[in-house]
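Multiple structures are listed underneath, in structure tokens.
Each of the next two complexes has subunit A plus one more chain, namely subunit B in the first and subunit C in the second.
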Partner chain A sequence: MDRLLPLIVVVPLLGAALLAGAGRRMPRPVAETTGCLCAAASAGLAVAALAGGPHVVWSGDWRPVDGHGVGIVLTGDRTGTGLAALTSLLVVTVLAYAWRYFDEPPRGHAGAFPALILLFQAGMCGFALTGDLFNAFVFFELMGVVGYALTGYRVEEARPVQGALAFGFVNSLGGYATLLGIALLYARTGELGMAQAGRELDAAGRHDALVLASFVLILTGLLVKAAAVPFHFWLPDAHAVAPTPVCMLLSGVMVEMGVYGAARVYVTVFAGPGGVPAEDFRRALTVLGLLTALTGAALCWQQRHLKRLLAFSTVAHTGLFLAGLAALEPEGVTGVFLYVLGHAGAKAALFACTGALLDRYGGVDEHRLHGRAREMRGVGALYAAGGLALAGLPPFGTALGKALAEEQAGWLTALYVVVSAVTGGAVLRAAARVFLGAGPREEDDCGAPETTGDQEEPETDRRVRRLPSLMATVAALLLAGSLAVGLVPALARAAAGAAHAFTDHAGYAATVLDGTHAAPGAGHPYAWWSLTGVGLGLLSALLATGLAALGVRGAVPARRWAAPLRRLHSGHVGDYVAWTAAGIGLLSALVLWPGG
Partner chain B sequence: MSVLPYLVAGWIFLVGVYGMATSRDLVHAVGCLSVTQSSTYVLLLAVGYRKGGSAPVFSDIEPGSRPVVDPVVQALALTDVVVGATVTALLLALVVQIAKRHGTTDPDALSELKG
Partner chain C sequence: MSRRFRLCVLALGLLAFAALFTAACAELPPFGGDRHPYGDRAVHAALLRHTANTVSAVNFDQRALDTLGEESILFASVLGTVVLLRQTSDEHRTVPKPSPVPDRTRRYGLLALPVTLLIGLYVVAHGQLSPGGGFQGGVVVATAVHLLYIAVDYRALERVRPLGPYEIADAAGEAAYVLTGAGGLLAGAAYLANVLPYGTFNTLSSGGTVPLLNAAVGVEVAAAVVVLLARFLGQALEIEGDEDRGEGKG
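Presenting the complex of A and B:
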């Protein structure tokens, strides 16, 4: 299996090259089947790699000599292969969802969309699997660039190009900051491999400004990808305008890749005695996570553009992931892993339902769609179930992950309950208005800074009269996946094993450099549903339902106090760049904070 | 080893960020992003520099006979150039499309996505 690990990245890359080259001559079904097959092959490989492992592959067999070397390593530990498997499976469902989706992908080139999706998959899988910092940067930029292209896929329309541009500027700036950090780290350690660099830092044992600067710069790019406040401005703009299948991937896995990268780089490189003290990392991630979760939840509640609403809920949940990873306790990390799995399914299903609304009614505006979707009962039920999953209703995987993270969170438990209740409540409110026609019609408030959802173009050639059953099936499957995360004990056990290996600084270096394989996590105790966890999950689901009921009647007046916060999201590229620069300052201040 | 190249790299990065933040034209902003990226080239090459070192090409010198600069960072810088070219080309294509759809490349005039 070791030798096959690179194929997880290579198969989609080759498939993309084939589709880009021969796509002009392919009929559309052939191109889409090829795309699905490549993605599925990669998913199968990732699942097979997940079953064994950990796998370490030195490309070209350039192994390090005495701990030094210029070879490039792919490290397929449980976490990396798990993320690659999640990504690949989601890509398969997305390609199935996008089957016959766009009227005519660029005229005469049927392979363009599947090729881009496969490239995106290759970038994300590569990022999850690489054990080399510079390669991580290259894969980061690959998924970034493909992400911009996919966001602006419908180039003939005004909004998508604008969102893609904001996405491109902020992410590329973050990527360059990361590269500066990697160069500084190379200057100190002379190594680009994460494990080697970590060992060199430990051997040097000095904790100085150069290491701190490189840490802050590397983290900047990863947090931009993770959409942590104040690096998050690109995300709602990109998600609101990207084609629905792309939104499912952006929210479901790409943003989580940033969270993963930040934690992975810290653990493997900086967690030793020569790096950054654990309390500094903890403080930085807790504060950023808190800010991100609260900002995301507050703005999520304000939205009427359904995709933008879901985008802000992704921001809020990313904040919870960051806060849950801050302590790097294996138990809390297990919770975050399960939360990410459950969230990916629920969020992708919600986007899939929103895409169905867009194609049926030609808009995604909560107020304009008021009561119009009464006939789509099945989609409405799926949408509401997705909202409850976001709120953390047991036994969804989101609820299990949230419960496990809460047990380690202390006073932050309140944050988890409130934030998941508000984001779930916003989705339920939208569901009640759109699918049931509940509450009075809202009048348009012309003065408010907001994005309406009635200027989005449907993505099929004509409004679909009956929903293609494939779309609804995909949404139902995704929700079932999210449910399975909370019901299958084997997943929780695997996540616990992965979390123990993930948080082990010395163990990672030993696996990569010395080839010692720790026993694959079977011996670790793993947590399962507890009474408190179920209770807190039910509480936040109940709160969400209550909030939605009040919100439908307009009894939660929030427009006035949220207006300043909303005005900050100006859609102006220059503002976003300035916020990113300010974020670097904030991150430095958090890491350098005295008294830690 | 002089600190000047490191200061220069930091300066270039900040100038580029300032240019993007205050830009009145998206083509100019894309140019500023490229300027920001140039700081990574300067930093990478500064990291690998050795005093008195020659280029790491061993066709006419005996390996080990004289110091050479670090070839790894040069490889990184080359890869970085490729990444930069891709990003710049894609962003410029998007700007062309924005100019077609909105009739302007002034970021102040683009305000459809807000709140």
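Presenting the complex of A and C:
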């Protein structure tokens, strides 16, 4: 299996080349089937790699001699292969969901959309598997480039182009910062591999401005991808306009890649004695996570544009992931891993349902759709279940992950409960209004700075009369996946093993450079549902339902106090760039904070 | 956000960045030193594989996986451009009118075209020996084709540039790189392993798989730049909206 690890990245690339080259001659069903098959093959490889391992593969057989080398290493440990498997499985469901989805495939390029999705998959899998900083940057850029194109896919309108532009600007800026950081790190260590650079830093043992700057700059790009406040502005704009299948991938895995990258780079490179002290990292991630979670939750509650609502809930949950990873204790990290898995299923399912609404009613505005979707009972039930999963209702995987993270979080437990309740509550409120017609019809108050969701165009060729059962099936499958994360003990055990390896600075270097393999996942005690965890999950689900009930009646005042926060999300690219620059300052201040 | 507030936020961020970066630069190794850890290892490794141009040895052998990623980025950009600059249902194509070209420009263009093309091909072919390679040479080749647009007119360019074959060449270059890499797996080694005979140092056939990967990139880059420019030129010269779509944005 070791040698075949690169194929997880390579098969989608070859598929994309095939689709782009033969796309002129290819009828649409053949192109879409080819896309599905390539994605599925890669998913199969990733799952097989996950079952064995850890795999350490040197591209081109350029192995290091005495810990130094010229080659690139792919490290298929549990976390990397797990993330690649999650990505690939989600890509397969997304391609199934997007089956004959768009009305106007580019003329003569029937394969363009599946080809772009395959390239996206390759970028994300490569990023998850690589153990080399520069190679990670290359795959980071590949993800980005494809992401911009997919976001702006519906060029018939002006706003998708605007959203893609904001996405492109902010992410490119983050990419430059990361590249600069990698160059600074190379100046100190003479290495690009994560394990090698980490060992060199430890040998040099100098914790100075150079190390600090390279850490801050590398992290900046990754946090832009992760949409941490104040780097998050691109995300809601991109999600609101991207085609629904693309949103499923952006929210489900791409944003989480940023979180993964930040933690992976810290652990492998900077966590040793020559790097950045653990308390500095902890402080930075806790504060950023707190800010991100609260901002996301507050703005999520405000939205009536259903895709923007889900986008801000992604921001809120990313904040929780960051806060959960801050301490880098294996138990907390296990929780975050499970949380990410559960969240991917739930969030993708919610987007899938929203896409069904958009294509049937030609809009995603909570107020305009009031009571109109009464006939779509099945989708309504799925939507509400997705909302409860976000809120953390046991036994969804989100709830298990949240419970495990909370056990390590101390006073941050309150944050987990409140943020998941608010985001879940917002989704439930929307579900009650749209699918049940609950509460009074809201009148439009003109003049407020507001993004309504009624300018969205349906994405399918004609408004769907009878919902293709495929769309609903995909949503149901995704929710079932999220449920399975909370019900299958083997997943929790594997996540615990992955987390132990993931948080081990010296162990990673030894696995990569010395070839010593710890027994995978064996012998680690793993946590499962506890009474407190179930209780807190039920509490946040109950809170979410209560909030939704109050929200439907308009009893939760929201507009006024959040107006300044909403105005910051102006859609002006210049604003976003300014905040990104300010974010670098904030991050440095947090890492440098005296008394740490 | 008001302009003033935006500039304040930006200034704060840039000041913090400047302070951080200056402090970091003070700790950099001194300029002109003789410690080049990666460079030394890379030159040594390049000579082992009989590749005279170390940069190509890094790009197409030692760190060939990076180049696969970079090539894919270009490939994805072309595909993205094809999608984003497509002709939508509310747009139509017009035939751009030819405009007169001064005789001197025409003579210069027609003279420079074959020379440029030859230089481009040379740069691609000698990537493993001298500075240059698939990326650089590919761009030069694509530039040569576009001299026709400057020297004659858009229709002449269109005649030598049927987009279909170029799009196929673009994909074929990408596929060739991926498959050459898989050759390593078939030979029982790692992905992208250099499994061909290394040849005689400083000859065209030296370097094992380096010339092959280099050529794949050359084909991909030349085709990609042609398609990319064609899409932008098409959008600028041919495609027109049925009505002005520049409505105010939210």
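Worth a mention:
FYI, the second predicted complex is superposed on the first by the 596 of 596 C-alpha atoms of A that agree within 3 Å, B and C clash if a C-alpha of one lies under 4 Å from a C-alpha of the other, contacts with A are read in each partner's own complex, and residues count from 1 in each chain.
One rule holds in what follows: a contact is a pair of C-beta atoms (placed from the backbone, for glycine too) under 8 Å apart; a residue touches a chain by one contact, two chains touch by 3 or more.
If you're wondering where the values come from, they're calculated on a predicted model, not measured in any experiment.
In the superposed model, A:A158 makes contact with both subunit B and subunit C. Of the two partner chains placed by superposition, only subunit B is touched by A:Q302; subunit C is not. In the superposition on chain A, contact of A:A17 is made with subunit C only, not with subunit B. In the superposed pair of complexes, A:L184 makes contact with subunit B and with subunit C alike. In the superposition on chain A, A:A581 contacts both subunit B and subunit C.
In the overlay built on the shared chain, the residue A:V241 is in contact with subunit B alone; subunit C does not reach it. In the superposition on chain A, A:G571 contacts both subunit B and subunit C. Note on subunit A: of its two partners subunit C and subunit B, the one contacting more of its residues is C. Judged by the touch definition given at the top, the superposed model places A:F134 against both subunit B and subunit C. When the two structures are aligned on the shared chain, A:F169 is found in touch with subunit B, with no touch to subunit C.
The contact surfaces that subunit B and subunit C form on subunit A in the two complexes overlap at residues 70, 134, 138, 141, 145, 148-149, 152, 155-156, 158-159, 161-162, 164, 184, 186-187, 192, 451, 455, 567, 570-572, 574-575, 577-578, 580-581. Here subunit B touches subunit A in the complex through residues 9, 13, 17, 20-23, 26, 29, 33, 36-37, 39-40, 43-44, 47, 72-73, 76, 79-80, 83, 86-87, 90-91, 94-95, 97-98, 101-102, 107-108, 110-115, going by the rule given at the top.
By the touch criterion given at the top, residues 70, 134, 138, 141, 144-145, 148-149, 152, 155-159, 161-166, 168-169, 172-173, 175-176, 179-180, 183-184, 186-187, 192, 236-237, 240-241, 302-303, 448-451, 455, 566-567, 569-575, 577-578, 580-581 of subunit A touch subunit B in their complex. Against subunit C, the residues of subunit A that register as touching in their complex are 3-4, 6-7, 10, 13-14, 16-18, 20-22, 24, 57-62, 68-72, 74, 104, 106-107, 109, 112-113, 115-116, 119, 122-123, 126, 134-135, 138-139, 141-142, 145-146, 148-150, 152-153, 155-156, 158-159, 161-162, 164, 184, 186-188, 190-192, 208-210, 212-214, 216, 451, 455, 567-568, 570-572, 574-575, 577-585, 588-589.
Only residues 1, 6-7, 9-10, 12-17, 20-21, 23-24, 26-29, 35-38, 41-42, 45, 58, 61-66, 68-70, 72-73, 75-77, 79-90, 164, 167-168, 170-172, 174-175, 178-179, 181-182, 184-185, 189-194, 245-247, 249-250 of subunit C touch subunit A when the two sit together in their complex.
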